[in-house]
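In the two complexes that follow, subunit A is the common piece, with subunit B as its partner first and subunit C second.
Moving on to the complex of A and B:
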């Protein structure tokens, strides 16, 4: 059942429209991640759910109740800000208890609920400290604690990990996933980091320029990107995109010539739509689809640099037509800068038409 | 140890001279305050009195003293009472002005209402009106309200706000992270709760700075209290000093009593300087005024 319904909402700042008619639904207990580049409207959309930004058009309802123009306090949502927004003059306890204190919750209950949140977040020894005496990760936990104690209908996270260093970010990402599992609340999470989106989300909403590009599970988005933007944005290392021209198209597949390929390649179907012969297409290859293949090479690339990650190696190379690509090698590859790699692709690659839409999807 | 550079060799004597020049009037006031009235002229050229006496301080505080001065005896001024009045006047002005100016400054910084910027511009323009221009209309108003010779009349023009205080606090509210307000709003805090429990406490530093500036100003304020608060029941220290000077003979003022009273009147300010010295210097720098 739909718990959060965002229906054709727009947001206008003066003459600039930053959210251009977005519709999203989330089920109860679902973890939905809004992802997109800076300025795509994802934070604005989150703030509209919170009630911190007025919705220009459209409606937002939570648990069946239309809250489009409701006061933030009446929406029963809690938000974790990018800057944590902890009250600097209050102790950790008072920060977490603030909402209950202003709502005149009995003291004993406040104490019990703060203690419970502190236990979940493992911040019990920090309750008497001030925010400035905490590390970034601890502040993050306090901010989450402040959200948890209110037992909100929806948790909103606005890029909560972007101020943390890489190691702590990974650790907190796991923590947030654990908290979601433990309390089972509906969570909406905004990030520009597609790794966070892939690892945390039940469903990802990819936004660009105030519009939804695609909504789906992480695997769905990875395997079936609707367009070039989603294909390039989701997945790390990025998908390699090679431009080419259709020589012939039939129900069985396409024959595509790429400047990078030594000879035209047939790409097997199924395709939802067939391009016309002679039209421009883009071939999309996930890193794991590219393999080093000396026996039957399809194209070659010149090694620029290798990154040895211990267990595996990332080979950064450039094709004949100048397209940069990354080839992951599972073993410690014995290639050096300047070597020419014979390559082929292992699975049927994605094909995007001239407008950037995936030809395999309807 | 620091190296003795030519700049230091030249600089320190100059600095010492400035310190001497600045402290000399204060020292002379203290010295004359500690001098027997009859000795004031005989020891005038000396930096130290011929003989010390606490008598002048005792008598201006209304305490029994060995020194009797005819003019003083004729109409004694209770400086301790004036000191109390000054404390009340300053405390009322400072707390009232900070509270109400903070409300206005917060509203200008954070709340959206029609005409906000125009209204704020009016506040800014008001900082350019010399206070002297306001004395007559204010006096007429206070008189018609029947508030002459009352604390209400004394504090009326400044207790609600001054444009400077509003402007000063607005700048700090503007620079505070907006997310704190938003976080409090999401938690269900009312607009006033956000102001009182979040926005105001985090401006402790600027508020302390403003309090110090306003305290010094209010304590030294003379003209307005002189206009509306001449009655001994509300007479503040600065007015009491003026009255004291005017009631002693022109040809033979009670210098030692006057100086003792002056030293007494500046003691609270000196105490503040000692306690909050660093903050006062910082406040003068940040406010960019005075």
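Moving on to the complex of A and C:
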């Protein structure tokens, strides 16, 4: 059942349209991540759900109630800001209790609910401190605590981890996933970091230029990106993209020639539609689809640098036509800079047409 | 011993750094010394003498201070000044805060702030002259206005009961804009997301003002109250132009009384003694306020 329904919403700032007609639905308890490059409208969309930005057109409803133009206070949503937005002159306790104090919740209940939130977030010893006396991670917990105690219908997170260092970010990511499991609330999370999106989301909404590019589960987006943008944005290391030309197309598959390839390759379907012979296409290879293959090489690449991660090695290389690619090698590869790697691809690669749409059927 | 050598060079570097620091402060300090500190010390010296500018000053010890304690005119002027401060400061601060918050939340237009600050750009003397004409009991615009609405004409600056209130009103009119502008600047330092967070928590405008704006504005509030309080205790030019201490001494504020003693009665020693007492009182009041308002600490990062 749909809990949050965003229906054809747009947002106009003066003459600039930032959100250009977006429709998204989320189920109760679902963790939905909005991801996209900066300026894609993801934060604006989140603020529209919160009521901090007016919705120009379209409608937003939560739990069956149309809240498109409702006051933020009447929406029963809580938001965790990128800057934490803690009240600097109040103790941690007062910060968490603020909403309940404003809404005249009885003192005993405030105390109990703050204690409960503090327990979940393990910030019990910090309740008397001021935000200034806390580390970044602790401030983040307090901000989440302030959201939890209100028992909101929806949690909104606006890039909550971007002010933390890498290690803490990973740790807090796990914490947020745990909190989601523990309280089972509907969460909408905005990030530009596709790793956060992949690891946290039940479903990911990829946005670009105020439009939805694709909505799907992380695996869905990884395996079946709708277009070149999603393919390039989701997945780390990135998908390798090789430009080529269709030599022939039939029900059995395509025959594609790439400047990088030593000879034209046949790529099997099924395809949503067949490209015309002679048209430009882009071949997309996930890193794990590329393998070092001395026996039957399809293309080769010159090694630029290798990154030894201990358990595995990342090989940064450049193909003959100048495309940079990354090959993960499980074993401790004994390649050096300047070596030429013989490569082939294992699974059927993605094929994108000249407009960037993925031709492969999921 | 390399450790010791390093210590020495570190100490030398510190000393050099301190010297450069003093050099930077020097120009301002020289001005302060010549125009503030020396005259103050000199005033304290003169206050211990009997001096009418004609003859050489005669040392009288604390005699002037003893006279002051039993001088009814001095205590009257202190009372009148305090009344002026009490009319002036609360009204000016509250009005300034109101204007600042309203222009911050409703209209951030530059012309609006320019209008608000405009009275401050007029000199006190000009403001006093303009208001003297407007408040004239017979020919004044204000009484014409009041009569139009059926209110009987008032004496204003000519009435012993209303003169001090009228002077305070002129000062409030002139200074509220500056107070508002200072508060407005203080408000810009409070990040907008705090208000967004509060709104999501269900806080209304009044709650946000009371629980966010006011506490975070505290250092600015302290600055504004301290400076305007000191300024109010030293009110002089509006009084000098508009009432000259009258009618019947109802606006004889401390500075006017000092001026009379010094330049009308040629009692330099006595005038200096009153100045020193005012100076000491203001320092005490300022220290107290700074302590109460924790002016040196901001909650903002």
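Operating definition for what follows: the second predicted complex is superposed on the first by the 360 of 362 C-alpha atoms of A that agree within 3 Å, B and C clash if a C-alpha of one lies under 4 Å from a C-alpha of the other, contacts with A are read in each partner's own complex, and residues count from 1 in each chain.
Following the convention adopted for this analysis, contacts are C-beta pairs under 8 Å (C-beta built on N, C-alpha and C of every residue); 3 or more make two chains touch, one makes a residue touch a chain.
What you are looking at is a predicted structure, and each value in this text was computed from that prediction instead of being measured.
Trainee: Between subunit B and subunit C, positioned on subunit A by superposition, is the outcome a clash or a fit?
Mentor: They clash: once the shared chain is superposed, the two partners overlap in space.
Trainee: Should A:98 be classified as contacting the first partner (subunit B), the second (subunit C), both, or neither?
Mentor: Both: A:98 reaches subunit B and subunit C.
Trainee: A:83 in the overlay: touching subunit B, subunit C, both, or neither? Say first, second, both or neither.
Mentor: A:83 sits against subunit B and subunit C alike.
Trainee: Figure out whether A:132 sits in contact with subunit B (first) or subunit C (second), or with both, or with neither.
Mentor: Once the two structures are laid over each other on A, A:132 reaches subunit C alone.
Trainee: After the superposition on A, what does A:73 contact: first (subunit B), second (subunit C), both or neither?
Mentor: A:73: touches subunit B and subunit C.
Trainee: Where does A:60 make contact in the superposed view: on subunit B (first), on subunit C (second), on both, or on neither?
Mentor: Neither subunit B nor subunit C is touched by A:60.
Trainee: Name the contact category of A:52: first (subunit B only), second (subunit C only), both, or neither.
Mentor: both
Trainee: Contact-wise, after the overlay, does A:226 reach subunit B, subunit C, both or neither (first, second, both, neither)?
Mentor: neither
Trainee: Residue by residue on subunit A, keep only those touching subunit B in one complex and subunit C in the other, then list them.
Mentor: Touching subunit B and subunit C on subunit A: residues 50-52, 72-73, 77-79, 81, 83, 85, 87-89, 98-99, 102-103, 146, 150.
Trainee: Enumerate the contact residues on subunit C facing subunit A in the complex.
Mentor: By the definition above, subunit C touches subunit A via 191, 193-194, 196-203, 207, 211-212, 215-216, 299-301.
Trainee: Hey, which residues of subunit B end up touching subunit A in the complex?
Mentor: Residue list for subunit B touching subunit A: 177, 179-180, 182-190, 193, 197-198, 201-202, 204.
Trainee: Going by the contact rule at the top, pick out the subunit A residues touching subunit B in the complex.
Mentor: Within the complex, subunit A contacts subunit B at residues 50-52, 72-73, 77-79, 81, 83, 85, 87-89, 98-99, 102-103, 146, 150.
Trainee: Taking the complex as given, what residues does subunit A use to touch subunit C?
Mentor: Touching subunit C from subunit A are residues 50-52, 71-73, 77-79, 81, 83, 85, 87-89, 98-99, 102-103, 130, 132, 146, 150.
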